[in-house]
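These notes open a run of structures that come right after.
First chain A sits with chain B, and in the next complex the same chain sits with chain C.
What follows is the complex of A and B.
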């Protein structure tokens, strides 16, 4: 084995320990391979569910990327008031579980108003697309730092409207990868499609586990992997290398277009309306003030307890992705991406069965396995971010850094240069971990706080006011995270 | 050397985190958090034993806590399992996950609601019910049994939760156990032919009735009660033609539980009459299994419902097949 491959091996350790080892052990234990020998891909109805899932995920990813691209181009290519605030608002609702949003909206305008728009596949696609569009926007805003300074200067010399179109075209390679990443992330989404009355592969896998037919569950998951293999290959394909990237796209010189300001204000209205609805629902009656206050404080404590763990899970995934991309290990990146496709509960159950019994008892009270499971789930985010970030550095600089000692060149030169892309990816990962429910329910130690899980429990029994309080807090955290992504991109010249 | 000291201190802290000064017990609970948390708080105050609870959520369907119990078989973390539907608990008992409950636990609860080997014991339950839209034909002449939902007058007007999960799956398994596989399949075929709508959960089924999308939604009594207490107007029908179906909560102690003594205390405490009364008075409007338990005037008593007797073991053994057939007939058509 070559030295360089051994050097990158550690970056695969989290997915090897947290996913491949337990999952393959479970597959053998549950008799998957005998089942595959009999009938691969399950019955024709299962194949149709796989196709539906792929179709919904692809259409949602394309639509989300189009909306995100529009947002990103308008935010990155024009000057105007409160851009950071608008970007913050767009990501604000991403942290709130969809059930909370749907419940709040239904509570105010009535579900009969919505029913024409949210039922069936079209409804599922629309809801998924508008929920995930802010993620596409954040990714593409991050990608905007890839542009060479000369190109950025040339754009600012064009007429403002033409410049916007050119910017959109320049972002197309990243937008295509964004579609690929979103397909992988959306393929295991079950909550919103289920709300729209559409069955996806995650639900069918859950149903198989419920009746104790794990082998068929694994078989379906494997079928899913085969179906998305082209997307996986596309995602880890080479991106064009930049000549010279800029850090901190400056506001100076950007045009100011009144039409764009108006468009962004209109785009923000649904978010403002949602936040307003949540605030109205959350506001306690006079007799409930003390209880609501203590709930609010508990919510804040819970969220801020979870944030560091989410940050660790996301950082590990992103750093591993970058390390593999920096070394050009395309197969490693593929291995990193695969766990994203499967429902979290499958990986989590495998970890519970195979790895947990081998750990010392003292570690049971710590959310180590939960963090590992969520790190594996973020593999595709890490791989995509790593691949894009490794292209930030101009070829000449990259080659020069490789003349240094490998560790110095990698961690002292190339890694700091990749941070403008890696940081937004970490923030997106944090948002995903904060909203994750499946692995959390299966693996979180008793007493471990999980605002998203708590929110689901409250909503099921229509404790709408308490749920709205937590949802508001999550929206606030979402805004703060978005500000972290956007603020450096819009930093003014010193 | 300095680094070694730092690591040493960190290791001690880590080990220190695992130390236990107080008595604790861990419960996996799929009953409504708002109500069960209050009950567990009362137990803490009464005994001084600290309760660490993990609550379920509908977002992960039934894969949640039951799968967690199964996944932790090699080294259980849970002491007491409080399941809000009986069939998965019966399956766990059959698969050897439960230990014997202490003698005297659940005294007064009739034998039909408990395992003969004392591996589980039911208490306060909910009833399967039809939610009926006000000011519709459904209120005037409601269906009396499941097969009535296949009548032409209800075509496209009925919603049922995903038949593979939760109490709907249990309901269908019990129906299959009672009427046999052939009539069960015929029933499903007739429901499909009548354009019954499949929705994600019991609460969605209720919500579709509330929004007027359908006239009838198959759901549980607690789902109806929570919205009624918020001022919503909904009718209900207990399907007396089939026999009223009551699905009790179930308490069991996990085999190899890390805190067996505390687990026995908690199980015994939860199976007290007072806990059933608390659940009956809550907005989940549970039905106490003890006839002598006090129920508020708006509550439901077991005497007035006269629920149908269920062979829990047979129904649990039919759960997988009932779900498969429901998926094939109702979802994959």
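What follows is the complex of A and C.
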């Protein structure tokens, strides 16, 4: 086996062990292939749920990217007061777990009103777009601030509005890829749509695999893969090489537009409202102060216990994605992306059935399998981060590093250069792991502190106050983490 | 047969395609310890030829031999880092997260110059006081000399230099010329891409035909 292929192989180990091996074993065990031979495609209701899921994911991805593009262009292309605060606030909606977001929305307009006014699919699309717009904004903002200095300076010589349009047009290729990535990530979303009363493929697959017809669950999952295959291919094959290399420098020379400030304030209103609702809900009555205080401390401890695990899962996914992208292993990237498309419960159930019985009992109390499942689930994030990171290094730098021995060039030159893209991706991954419920519900060892699970249970039992406290804490910790990671990078590169 | 019996570089009927533009065929030889300049108008393919020889651009047809060994054997040809070359690109390729000295040491790890030799070369290029700096703290001309310093620090017997004088004043150019002569005397060979003809060295002018 060539060294190049071995390099691709180790980066695929987590996903091979954590997804493909157990899933294929379970597929054979559940008799998928016999079912497929008999009747592939399932009933018309199965096709309908696949179409609904694809429609919701695509519409949400497009809407989230449009909002994110607007945010990114305005934030990157203008100066004004409190921009860091505004950017942090916009990110907060993503750091609040979906259950808390949906609960807060329902708290304001009521679940029955939600059904009556923002009916079904539209409600799901709006909530998903609201939650995921910050990810699109972060990705596009990253691309915008990595503009070469000379190009950035040339833009600052244009009239402000023309410059904003030029920025937006330059970001369009990245925005298209952003839509592709978000479709992959949203295709398996189940929590937010369920609050809007929409059944998605994730829920149907989970139900079929656990209490219904397992073979139909596998058929649905396979159908999902077929439906998103074009998006996967688009993401992996069509990313061009970019010359983006450096921060655009300081705000010097950026135009200031009053209209933009107003627009950003308007854009921040829903976020402010969400934070306000959570804060009001979280604030304890005078008689509950002591209990609320102790619950708050428990929440903090739980989050900080879970953070290192989330960090490990996210880092592994991102490093594997970068390694595959850096080596140009397109098939490897495809393999890494696939688990993201499928419901978390599918991989989790397969791991539980196939791998768990082979593990020593002593490992039962450790969240190893949960971490593995969540690492696999972050495959598309890792692949996207890897693809972007390997393209932001200017060709001249990349060529120079290829004259070094492969390991030296990769880890001493290209990996440190990729960190400005990889670290924010790790933070996004941490936020996703901290808010993940499906796999955690199935695989978390007894007594394992999981803020997402706790939040889910608290909302289930209508303990909204405590749930709001945990949601706010998660947003706060996530924002701090993002600031800690991003701030030194900005200072250094300036 | 020893490598000394072979020219440093033999290029025969080489054709490369950059975008939709076909360049070549081109044939030439470069002897050990000599300098050869490829010249010609803008877009004629000087840089592409250097990139192809370095293994950084796919070759459509033809042969490239460095020290007698074919570089185009196998499915992808010999990897760039295994070709025994050092390469200076037209655009700056300094790695911004490392100081110049750290970059020189990195490329010198596999048979390149020693730390003392790197300092000596830096002095000859008037860079001795700048090698602790990172690229962002250098001017355009300094960055170009710093990258040349990094290129020369590597162990490659063949230096491929794309427009190495483009950001230099008279003093800078003279220093680089002197350094290249010293490297040739030490047994290295130099292939340059220049946008104007040069009386200092043998020249091969590329034309459309």
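Here is the rule we go by: the second predicted complex is superposed on the first by the 453 of 494 C-alpha atoms of A that agree within 3 Å, B and C clash if a C-alpha of one lies under 4 Å from a C-alpha of the other, contacts with A are read in each partner's own complex, and residues count from 1 in each chain.
By our rule, a residue touches a chain if its C-beta (ideal position, glycine included) is under 8 Å from a C-beta of that chain, and two chains touch if they have at least 3 such contacts.
Remember, predicted model here, so these are calculated numbers, not experimental data.
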Next on the checklist: Per the contact definition in the header, classify A:463: touching chain B only (first), chain C only (second), both, or neither.
Outcome noted: first
Item to check | Touched chain A residues, chain B compared with chain C | outcome: B
Next on the checklist: Contact-wise, after the overlay, does A:403 reach chain B, chain C, both or neither (first, second, both, neither)?
Outcome noted: second
Checklist entry - Which of the two partners, first being chain B and second being chain C, lies in contact with A:412: first, second, both, or neither? => result second
Checklist entry - Where does A:120 make contact in the superposed view: on chain B (first), on chain C (second), on both, or on neither? => result neither
Next on the checklist: Touch test for A:197: chain B only (first), chain C only (second), both, or neither?
Outcome noted: first
Item to check | Overlap of chain C and chain B interfaces on chain A (superposed complexes) | outcome: none
Checklist entry - Which residues, counting only chain C, touch chain A once they are in their complex? => result 51, 54-56, 79-81, 85-87, 89-98, 106-107, 109-110, 147, 150, 154, 156
Item to check | Of all residues in chain A, those that touch chain C in their complex | outcome: 246, 394-406, 408-409, 412-413, 416-417, 493
Checklist outcome for this item: Per the touch rule, the chain B residues reaching chain A in their complex are 14-15, 17-18, 26, 32-34, 52-65, 67-68, 71-72, 74-75, 77, 91, 162, 164-165, 169, 197-201, 203-204, 207-208, 210-213, 222, 226-227, 230, 283-284, 319-320, 323-324, 327-328, 331-332
Item to check | Complex contacts: residues of chain A adjacent to chain B | outcome: 45, 48, 97, 99, 106, 110-112, 115, 191, 194-195, 197, 199, 203, 206-207, 209-213, 345, 348-349, 352-353, 356-357, 361-362, 364-366, 437-438, 441-447, 453-454, 456-458, 460-463
